[in-house]
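Encoded as structure tokens, here's the structure I'll be asking about.
Labels A, B, C and D are assigned to the chains in the order they are written; within every chain, residues are numbered from 1.
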Amino acid sequence: MISRVDPEFKQELHKYGLREWNECFHCGNCTAICPLTKDDNLFPRRGIRLAQMGLKKQLVSSVDPWLCYYCGECTETCPRNANPGELMMVLRRYLTSCYDWTGISRLFYTRKIWELAAIILIALGVIISFLVFLPPSPDLFSKPQAFINEQGGVMINSLANGISASRFVQLIEYGDLLMAILVAGFLISNIFHMFYRVILSDRNLKFPFYSYFTEFWSLIYNFVTQARFSKCDNRTYWIGHLLVMTGYTIMFTLIVAFLKEFQIEEIKPWYHWQRLLGYYSTFGILFFLIYTFIGRIRKTDLKMQFSHPSDWMFIVLLFFTAVTGILIHIFRVSGLPAATYFTYLIHLAFLVPMIVIEVPFSKWSHLAYRPFAVYFDRLRRAGQNRQSIVELTPAI
Amino acid sequence: MEFEPKIVAFLCNWCSYTGADLAGTSRMKYSPSLRIIRVMCSGRICPTFIFKAFQEGADGVLVCGCHPGDCHYNEGNYKCLRRFKLIEKYIRQMGIEPDRIRLAWISASEGKLFAELANEMTQTIKNLGPSTIKAQLEQMV
Amino acid sequence: MSEYDRIGIIFCDPPSGYTPVDLSDLIIFVRDNLKIPVIIDQPRYLFSDFHVLMETIRHHRLTSVILAGIRPERFRQIVRTAMTKLGYQAESVVIADFGDTWCVYESQVQNVYELLERVHSQVVDKRHQSSHIQQDTIVIGAGIAGIQASLEIANAGLKVYLIEKSGTIGGHMAKFDKTFPTLDCAACILTPKMVEVGQHPLIELMTCSEVVAVNGTPGHYKVTVRQSPRWVDVKSCIGCGTCSEKCPVKVSSEFDEGTTMRKAIYMPFPQAVPNKYLIDGEACRFIQEGKCGVCVKVCPVTGCINLYEVPREIEIEAGNIIVANGFKPFQASRIDRFGYGKYPNVLTSLEFERLINAAGPTGGEITFRTTDKKGNSVFVNDSGKPQKIGIIHCVGSRDENFNPYCSKVCCMYSLKLAHLVREKLPSAEIFEYFIDMRAFGKGYEEFYCRIQDEGVRMIRGKTARVDQIDGHLHLRTEDIIAGRMLEQDMDMIILSIGLEPADDQKKLSDILGIDVDEYGWFKAVRYEIDPVRTNRPGIWIAGVCQGPKDIPDSVVQASAAAAGVLQSIMSDRLTDSEVFPLTYMIN
Amino acid sequence: MEEIRIGVYICWCGTNIAKNVDVERVAAEAGKLQGVVVARDYKYMCSDPGQDLMVKDIQEMNLNRIVVAACSPRIHEITFRKALEKAGLNPYLFQMANIREQVSWVHDDREKATQKAIDLVTGAVKRVRWQEALNKRSVKVNPATLVIGGGIAGLTAAREIARTGRIVFLVEKEKSLGGMMKKINRTFPNLDEASKYLNPIIEEVSSHPHIQVYLNSQLVKLSGYVGNFIGTVNHKETQSELEFGNIIVATGLKPFKPTPLSNYAYKRLPNIITSVEFEEMLSKGYIRLDSRQEPKHVAIIHCVGSRNPDFLPYCSRTCCQTALKFANQIKDLLPKAHVYQIYADMRSMSKGCEEMYSKTAKRGVMFLMYDQKGKLPYIREAGKNEKTRLVIEMKELLSGEQVEVTADLVILMVGMEAQETSKQLSQVLGISRCSNNFYIEKHPKLDPVATTTDGVFIVGSCQAPKEISDSASQAKAAAARVLAMINKDWVEVEVITSSVREEICCGCQICVHVCPYGAIEFLKEKKVSCVNEVICKGCGTCASACPTGAIGSRHFTEKQILAQIEGVMLQLLEV
């Protein structure tokens, strides 16, 4: 089928960051030097080609950008300094905005103030609803001892005025559940949209039905271990990424699913599972955040040189959430109920927007898209049961 | 041993000899039966050369010149054409098959043509078999 | 003064306020005594209409003009413009100012005559003095361009000093086996020219010499040349080679690009000109530590080898200098992902050129590179023949991290190498990895099609890295046209390295005062229509030192530079940088 | 008759000859021939040591005939003749056998090739016995020069020579000077005005006292030889006779008419123009469609006609770089326009052109690669509701997608082909043309501006398409040759003219009518013919027409050729 070349597409792509990649003259050096490329995934050159020619349909239906983990070697050795690595980053942002059928992420990516406004709006919404439903009890300041339990820590669930501890936790749980459903709904619909674009819209792609399941293990395996990331030479990124990923998932599951066991009144000894998990995930998140902050500021490493606002937004929110989380814990242990209450409030004010905005519409969505991309790629590969048409060279 | 004909070829220096050199630089392979003699112009080739070649036992004679109009000396190849027609008639009386001699125009850029011509002529001479002129002359003397 | 020179004198009208005076006797004096052929008396209209002035000068075929009268310099500028438009020097316009005393009294008439006489003799002498520009020419660098330029000038009957840094002339072309696109052997083209240079009475060849200082004015350059010692007397050496056999020191031969070893006392290559031996100062034990001296003992000609020879400086007078110091190949080791230097069978194209050359280390056989007992890598005949050869284009060229320009010749010589491999190893598989195939010249495209028909696989896609895995050279390339990743195991890799300015280019540009472009190549004043003229009159550039180009273009540029030299010598004046009428001054 | 002592030298030419010919055996066989005193083989006969070997033999064994079996005499006959002169032997007592181009390079069977080489060497040895000493004639050179063609090459050559004060006749068939460069608006890579360079030269040449310019005139007849040519020039229905010493041909080239390539629909669909027409539009300072609006989509298609075996099988060298220049000019004039470059190989290799390529890419030009050997891009009319009138369909190689490109204006980078007058002029000058009708240079590397005819030089694009700077360099190179000849004031002329042995001339005057140059007069009183050696060019037609063999051309005498025929066939006896 014939597709029409569209020179306007370049201007549109420029909004997603990085202007100079058009002088690529297709020498194939980046695809050859990248350790992750295989026969059908000839990224990053194919991505550059489609972007240069403005073939939107082919671009959106290719999963290549998600298979690149930006080790930066291609940009280093590119003879024309056309930043192929950074273009892959740009294409990931573009694909995120394409998969999102609501069009919100396109809005966030192209006009940064919308994203900021949305975050502030949600934060205010959280604060107000929190203050309305769970108002601070008046004697927080006058009689702080009322909230101290026998170990000297603050009973976190009974800080609200006239609301029993269990009711308090229940309300928070309802909020979390609501948020989780909302986020999951958007994310899964986007994934299905991605599935439609990558697999279904390609008429002549046929593959056995059972391969849906046989290949499913790859989704899980990649989600958990990010095996592909380990193939890049610089492994510290991979370890940092593993830490923050596990830490985040633990915190997320604790809050949404096991809030009752996690947010309890008495202060457990430090070796209790609940504390240990808390410490591990905060350490993981903090390690990653510090490493990324330094990298993005010093711009020594290639992948850190072009920071799009959406990258900063996501790290800043995560950072404040983590910091406020730690503060809550400190205030609880040291018995300061008022401080605990208000930091808890701020903690939520950062946490909720981060999850509601970042996960489905912005950078954080790659946690879903990357494993699915590997999964869809294996589906396509199973479909074509690749035999090379052109027997040019016996590629050993 | 399979009969390997010997053909004497008179090539003019400006066009056909350059064409033969071009066949060489382009590494075109042709049969080694040709024995090339360089003259300044095809007009220089006189009947005695052709008869001398047959007398010395040549199985065929090839005369090459520039394309009409391209001759470095304006008219040399026209004179050669006229003489060749005369010789063609004359050698029939001497009992030499007319196919044993041949006239061809080769320009400086037709290396390929020269190679094909050499192969083609070798083939025709092979079909005709060795020339018996030399043997007959030795019997007479 | 050559017969083409004609002087004209114009008596200008006096400025307003003076009455024109009869100059008949002055004109008679000028015509009879000074014998000036063209005399124009107080032309009222001449200087107002530029084209009439041009027409008059052209009609009388004037080559220099004397403006006489009262304050005639009013008209100097317009006459100068006319003369420069006609291609003459601006200095060919001279002023004879009678001062304010225009009235012709006895006393003033005499000094007017003397003034005219002095001005006239000054013009005649000036033509004499400027006609004596130095007839000799210095050519720096004896590659194919330097050789061609020297022959063009010497065959016109003028003396040439050919200054060559290394021990022999021939430059890089002497190292090649065949040349594209006609595949005739480089030696067959170059050696006769080298012989002609060696035997030419008017060419003085100075090897192992470098230009260290240039002063003097254009047309009269005084050049100091530092000749480092050969330690072997060129005249008496009979080239028997016994000294080289006995010499204990072995170093890698730079002529063979390190593929073979040579002795400290050596002849660069069998067809070298001068065909004599010389000693490599760094390698010779005697010169470094004062030990050995075996060569002196075995040399049949007494006194031929003089190990105490010292460098000497020679002063040469020259009218013109042609710079043709060639280029330096790109160091392939600068790109470590190709593995040059780490893996023995990754060769540069120049090394392969020597390997495949009949006079090369293996007599033209293509064999693997192995290391001998002493650890230096050599080619020996029985080290096995490679079956799969890859040629990687644009190594170091078209690359912003190294040289952003295109070196123009690598595509074509890679095709040629592929053909030579096909000729020597008919069963070998040959791959060429390129970005754009640049076969632009006469017969180049046909050559490219012929090589493709011979079964050389052209893969559009530049190889990124070469790793040696269990003896094979593992190659990763993206085959763009077929849309596949190629992981191949090769036996031998040839890197088509690009061209870079020579090491001494910066030094030379400072000494000669000619400017270089941002990559270090010499810059022509008006590259579009005159690529050989530099910003200093009398100094010309030719060949690759001006920018990467192939052999036919270098030869043509050498002759073009020779044209500039011949023209300046034969026309007795040195045209400074392009003589353009004022309106077209180039910024 | 002095005793004939022949030296035979067989050259290896590296491996070129030694690969297919058993050189030692040829030398051995040659050694057995009658009169051969020494027969050697050496790796590079044309090199310094090779020639010294020969000179030493001549002096020590006082040889008086030399045969060298090596490459073609057209390349190194002069070299070896010089070596003979150095050894004090007359250069014409020398014969070459071509065993490289005509033996080792064209036959694989080593045995038969060696046999053929032996035959050729035997023929040469037998022939060299009958060769006599001849002395080259040196002739005074007329300092005037004829330059044919008024393009940048012709103008530069004329100016370089005229500046030394010598007369130049400049013949131009058009009515104005400037040639192809006049049609060009700007030059690459720095986008300078072409007229900024061209006009001063035209001005200087047309007003130079030593240059006589003949506009809309052509050279129709030429006679004489190097240093003393006489040419008749048709000049506005008058004919003028000119005398000059050298000829510099600078007739340039013409653009290819793309009409036969139907897929480009040239002249069939609107707004499809060639690169030359686009240059005219640019020199007017604006870019307009037929409908007077400014185009929004401009497509530039490369290799139209070039690299195409049915039309121009060669690469026209300058169109890629011109196309990049066009892209920059379009972006300057129409910042909002979209430019597409549809190319096969981007051949931007000249100085500064790779940087121009990357600059053009930075400005957002879209490069699409098509397979020049496969299906060419196809231009068709766009549908009714389309924004643009034209659509180009092509298979894009870099992405592997079948794409279509919308275009308002399509510029075809047409190839360059030889002038149609080149056939007629090559016959007048007696120089040969290659298969693409460009003139053939004597040797691309040894002698790139000379031709096989001495005194005739070819410069600029009449030899092959090339850039302006290369044309100017070639013009100066030819000027150097001419100036060198003028400066030396004499030139050696081939001496193989005819001569008459009056004792056996029967006065039949056949030779007088046969000679194409009228160089033979019939002396009434002696009743014999006599050759005017100045006019005779040595073609030898008279020698073969003479019934008694009285008239013979030197160096190609009857005896010598008959002896060579004998020699060539001699081997038949022993085998």
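By definition in this document, a contact is a pair of C-beta atoms (placed from the backbone, for glycine too) under 8 Å apart; a residue touches a chain by one contact, two chains touch by 3 or more.
Nothing here was measured: the structure is a model prediction, and the numbers come from that model.
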Highest C-beta pair count, chain pair: C-D
Centroid spacing, where centroids are CA-atom means, of chain C and chain D in whole angstrom: 24
Whole-Å gap between the CA centroids of chain A and chain D: 69
For chain B paired with chain C, centre-to-centre distance based on mean C-alpha positions, whole Å: 47
Cα-centroid distance, chain B relative to chain D, in whole angstrom: 27
Where chain B touches two or more other chains, by residue: 25, 27
Multi-partner residues of chain C (at least 2 other chains): 182, 184, 398, 436, 460, 480, 483
For chain D, residues that touch 2 or more chains besides their own: 346, 358, 398
Chains grouped in pairs wherever the two touch, ordered by label: A-C, A-D, B-C, B-D, C-D
Contact set on chain A toward chain D in their complex: 1-5, 7, 10, 20, 22-26, 46, 49-50, 52-53, 55, 58, 80
Of chain D, residues touching chain A in the complex: 297, 338, 340, 346, 357-358, 361-362, 364, 366-369, 393, 396, 398-399, 401-406
Complex contact set, residues of chain C against chain A: 337, 394, 398-401, 431, 435-436, 457, 460-465, 476-480, 482-489
Chain C to chain D touching residues, read off their complex: 2, 4, 54, 58, 61, 85-87, 144, 152-153, 155-158, 177, 179, 182, 184-185, 187-189, 191-196, 198-199, 239, 270-273, 275, 357-359, 363-364, 398, 404-406, 408, 436-446, 449, 460, 480-481, 483, 521, 526-532, 547, 551-553, 555-564, 566-567, 569-571, 575, 578, 580-581, 584, 586
Interface residues, chain A side, partner chain C - complex: 25-33, 37-39, 42, 45, 77, 79-81, 388, 390, 392-393, 395-396
